[in-house]
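Take a look at the structure below.
Labels run A, B and C following the written order; every chain starts at residue 1.
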Amino acid sequence: MASIDISSLSVASAQDALRRGDFTSVELTQSVLDTIAAKDGAIGAYLTVDADGALAGAAEADARRRAGEDRDLLGIPVAMKDIFNVKGQPCTCASRILEGYVAPFDATVVARLRAEGAIPCGRVNMDEFAMGASTEHSAFQVTRNPVAPDRVPGGSSGGSAAAVAGGLALASLGTDTGGSIRQPASFCGCVGLKPSYGRVSRYGVTAFASSLDQVGPIARDVEDAAILLQAIAGADPHDQTCLDRPVPDYRAALAGASVEGLRIGVPKEYFVEGTDPQVMALVRAAIDKAAAAGARVEEISLPHTEYAIAVYYIVATAEASANLARFDGVRYGRREVGPDGSLQSLYDLSRTHGFGPEVKRRILLGTWVLSSGYYDAYYNRALKVRTLVRRDFEAAFAKVDAILCPVAPTPAFKLDSTVNDPLQAYLCDAFTVPANLAGLCGVSIPCGRTADLGLPVGLQILCPPFAEPTLLRTARAMEGLLK
Amino acid sequence: MSDSSLDVAHVCALAHFDLSPEEMARFQRELGPIVAYVNKLSELDLTGIEPTQYGQPVANVLREDVVEPSLDRETVLRNAPDASETEFRMPRIVE
Amino acid sequence: MKYLVNIGLETHVQLKTRTKMFCGCLLSTESEPNTNVCPVCLGLPGALPRANKEAVKFTVMSGLMLGCEIARHAEFARKNYFYPDMSKNYQISQSERPLCLGGSVEIHEGGVPSGAPKRVRINHIHLEEDAAKINHYARHSGVDYNRCGTPLMEIVGEPDLASPDEAMEYLQKLREILVYAGVSDCNLEDGNMRSDVNVSLRPEGSAKLGTKVEIKNMNTFKGIHAALEFEIARQTALLEAGGAVVQETRRWDGDLGETFSMRTKENAHDYRYFPEPDLLPVDLSEEQVEQWRKALPEAPEAKRARFQETLGLPAYDAGVLAAQKPLADFFEATLAAGAPAKLAANWIMGDLLRLLGAASLDVADLRTVTPASLAALLKLVDAKTVNGPTAKALLEEIFKKGGDPEAIVKERGLAQVADSGAIEALARQAIEANPKPAAEFRGGKAASLQFLVGQVMKLSKGKANPKLAAEALRKLLS
C-alpha cells in the first residue's frame, strides 16, 4: 500500500478521495500514524498517539461508508488537544497533577466528532491547563514551530497548530480562553477559529476560565474549519451555557464568498506602537486588498482595549483558581502525602508538586483577587470594565459587519524568550482577549510571511456573537484574496 | 491599591501550596508588577456600570428533574489514588 | 442584671426532587456507597453542573408559603473551601442574589399557645448543594459521594427568637409549612432538616445585639433546645462574672450535653464567593411565579381559620386537623363524600386516630378506611340507622379488613331498631323479666332505668336505639 502524503491534505479533499475510493480511512489513518512516527520527533506536537484505537475507529468508519453512510468527517483522523476527555484515554492537560487519570467519559465535542465518523487519533501538547501562549508551560515536552524549529508554535493550543502546520494531522481541535486557538494558528500559518461563547459545548473540556473558554478547530483552510465547526456546534443538555440556537449550514455559507459591500472596521487601538512593523504591514496590506475587492473599510474605535488585559488576567485567574481547586489528589490524579500523613499535607504536596509555576502563579493571582478585602477593588471592578469592553464591540458592530486586525503583536518568538517575564508574556495577548471578554467569534487566517525570516503572520477577523456565517464568509473571501 | 497588598504566604494557604521561602519570594517578585499593571483599572469611573459575569447575556436554562444513569462503581473508583471496595480512601481526618 | 436572648436559625432543608441539584443522578439514601455518582458528582475535569428546575420551583414555592418576595433575578455562586466532602472544593450556593427575600413565620410569644402572636422574620432563602458523606475508620477516612449534590434549601432566619421554646415552635411551624407545600419530607432522622443556630445575650433595656455565638452539630429539635439552654446558661454565667462572650463557632456534644469551641481556624475561612460562571442566572417571569403560586396548597394557618369559620369547628379541633396535611386532606375528602363536619371531626380525631396510633400507621398510608367509606359510615350514624357501639365496631372492622359499611350493615341486619312499636314490645318484655329494678325505678331510683335499657339492647341483639328504648321504658313505667 502506497503511503498517502498528508502534508498538505485538507479534510475536504481527503473526504473527496475517500468518497471516490482512492483510499480507505484505514489507509489514511495509517499514513497519519506513520507520518507522526517519522516526523514528530523533531516537532514534539503529540503527547500520546492511540494507534490501535485510531485504526479501529478507521475500520469502523470504512464499514459505515460501505453501509451507505456519507458524512464530511467520516473516516477523518483529528488530533485532539490534551484538554478533552476521550473515554478510555488519558487527559493530562499537560500537567503532572493529572498523571494516571483515564477519562471515564467522552466530552460532548468528542462524542459529536465520533458520531460524524471522525477519529480522535492522538493527544497533542499544550500549555499546562491552557495557561500560556507558547506551549512552553507543558510539564512534559517542548513543541517546536514546524516553520521555524527554534521558535515556539504559540499556545496554549500549540500542539494542535504544530500538528496541522507540520503535516502531522489534517485538522485538530483546540480551546481558546484568551487567544489560545487564534495565536498559535497565526504563529504556525494555519486557520484557527474561536466560536462565539455558547456556540460549542464545554462539557468534558477541562475548564480554565468558564466564562471565556470555547472549543474550536485549527485547520489548513477556512472550509475545513467550517466543516469541523459544523460537527461540534449546537446546544448540549450537559452544558447550560451552550445555547439553544439554530446551527446554520456553515459550509453553505462559504459559497460565492466575497467582501464586496462588506462593512469592515479597523480598530485604531490595534495599530499602535509596540506591534512588530512587519506584522502591521502585512495586516494593513490584507485590509487594502479587501478595500480593493469592494469592501467598505472604515476606522473604528474600541476605546477600552487598553484595559482588556487587566480585566482578562483578573477574571480568567479568578475563575481558574476555583476550577483548578478540584485537582487535590483525593479522587484522581497525582497524590503525595507528607510524613505526618495528614489530609492537609496531601492537599499541599499533591498540588505544590503537581502544578507547574505558571499555573501556580495564576492560581495565586486569582485566589487573591477574590479574597476578602480585594474582591471589590479587583474582581468586581474587572467585571464592570468587562461590560465596557463588551459595549465597545456592540457599538462597533452597529456600524460594521466584521473587524479586521492583527492576531498578535509579533510573529512566533524564540523558545525560552518570555518564560522569565510573565507580565511581558501576558501583554502579548492584547489583541485576542477582547473577543473572549465580549463572547465574539473570531478567526485567524494566514496573511503572509515576514520578509526577513519568513515567519507566518495571521490576520484576525472578529464578528458579533453567533455571526459565524459572516465570519466564515469573510475569512473565505480574504483567504482567496491573500493567496 | 498598593502592589504589596498581595501576600503570597496568605494566598498560598488558601490555595493549598506549600512553597519554599525561595519560591515564595520569586512569586512575590513576579506578581508585584502584574498587580501594579492591573491597578490601571482604578483609573476608570465605573459608577452605574453593571458587572458582566457570564459569557453571554442569557438566563433561565434549567434541567427537568429526570433520572439519568450514574457511572458504575468500578468506574467511579478506578481513578482513585487509594480506594476501598466501596469508598475513596484518604488519611484519617482529625475532627 | 437580667439578660435578653436573641436566637437566629439557619435551617437546611433537603428538597424532595427525584434527582440531584446539578446532575441527573438518583437521590436515594438506600443505595450502596458511590453508586449514585457521575462525573459531575466527582468533580471530574470538564464536568459541568446543570441546575434542576424542580429544585428552583420547590424553593420558590417555599418562599411563597412563607410570604417571601421572589427575586426576579437570582444567581448561583461558588463558595470556595477545601474539604473532601465537596468534590470540586467549592460548593455551588447562592450569595448576593438568592431566590427568595424576606418572609416570616408566625409563632406565639414564649413558644406557648397562650402567648401573643409573634412574627419571626426570614432574611432570605437560597438554594445550594449538599456535601458527601465522610466515614472515619481506625486508620483512614472514606468518602461516599452519593449525598454530594443533594439539593438543599437554606432558610436564614433573623435573630428574632427570644427563647429555646420559641425556637422549637418556629421549627415546628416551619416544618409543618414545608411538609404542607410538598417540597420536603423534613424527616429529622434522615437529616432532611438540619439547623445551625446563633445565640447572643444583651442586657435588658439595650437594643444592640450582643456578641453572637454559632452552634453546629445538632441533629434533633431536642438537641437544638438543649444546646440553646446550655449556651444561654453558659453566656449568662460568663457575663454575670464580668467576662465577655467571644464571637466563635461552637460544637454541640449531645452525649456530654455541652458546647465546645471549635478550632479558631474554622472561624478564619475566606470563602471567596463569586458568581458561578457555569450556570446562567434565573430570571423568573411574573407568569412563571403565578403558575407556581396557583399550585400551592393552602397554608396550615389559613386552613385552621377556615375550619373554624366556615365549618364551625372549635379551635382545638381545627388545630389538630390542620396540623398535618395528610390528616387535613383525609378530613376534607370525608366531608366531600357527604359526612357532616362535626361528626367527621369527632370520629377522625377520636376513634380513627386511636386506631392509627395503636397500629403505628400514618393516615397517609391508610388504605383500608377511605374517606368514602368513613363518610358512608358516618351517614349511617347521622341517620341513626346504626347506633354508636355498632358504628364503633364497624369502623374497627373496616380498619382491619376494609369494606363498605352500608353493605355490611345490610348483609348482617345491623340496622338499628327504631320502630317504636317493636321497641315498646321489647321494653315490656324487659320489665316483665325484671320486676325488681322496674319497681325501684318507679320508687325513684333513676339508675335502674340504665339497667333496663341494657336489657332491651340485649334482647334486640344490640340493634335497638338506646334513646328510644329509654323513652319507651319511661312511658311504660310512668
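The working rule: a contact is a pair of C-beta atoms (placed from the backbone, for glycine too) under 8 Å apart; a residue touches a chain by one contact, two chains touch by 3 or more.
Note that the structure is predicted; figures quoted are calculated from it, not measured.
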Between B-C and A-B, the pair with more C-beta contacts: A-B
Nearest-to-centre chain - CA centroid comparison: B
CA centroid of chain A to CA centroid of chain C, Å: 56
Centre-of-Cα separation between chain B and chain A, whole angstrom: 23
Centre-to-centre distance between chain C and chain B (centres being mean Cα positions), rounded to whole Å: 41
Numbers and ranges of chain B residues touching at least 2 other chains: 14, 16, 53-55, 58, 61-63, 71, 76, 82, 88, 90-93
Sequence positions of chain C contacting 2 or more other chains: 39, 42, 50-51, 80, 82, 84, 141, 143, 270, 272, 274, 277, 280
In chain A, residues with contacts to at least two other chains: 101, 104-105, 210-211, 237, 240-241, 321, 328, 330-332, 343, 347, 367, 371
Chain C contact footprint on chain B (complex, rising order): 14, 16, 53-55, 58-73, 76-77, 82, 84, 86-93, 95
Residue ranges of chain A touching chain B (in the complex, touch as defined): 100-102, 104-105, 196-198, 210-212, 237, 240-241, 243-244, 306-307, 309-311, 313-314, 321, 328-335, 337, 341-343, 345-349, 351-352, 355, 360-361, 363-365, 367-368, 371, 374, 377-378, 380-388, 390, 422-423, 426, 437, 439, 465
Residues of chain C that touch chain A when the two form their complex: 39, 42-51, 78, 80, 82, 84, 87-90, 141, 143, 270, 272-274, 277-280
Contact footprint of chain B on chain C as seen in their complex: 17-19, 23-26, 32-39, 41-42, 50-56, 73, 75, 80, 82, 84, 134-145, 270, 272, 274-275, 277, 280-284
Interface residues, chain A side, partner chain C - complex: 84-85, 91, 93, 98, 101, 103-105, 107, 202-207, 209-211, 237-241, 318-319, 321-322, 325-328, 330-332, 343, 347, 367, 370-372, 375, 379
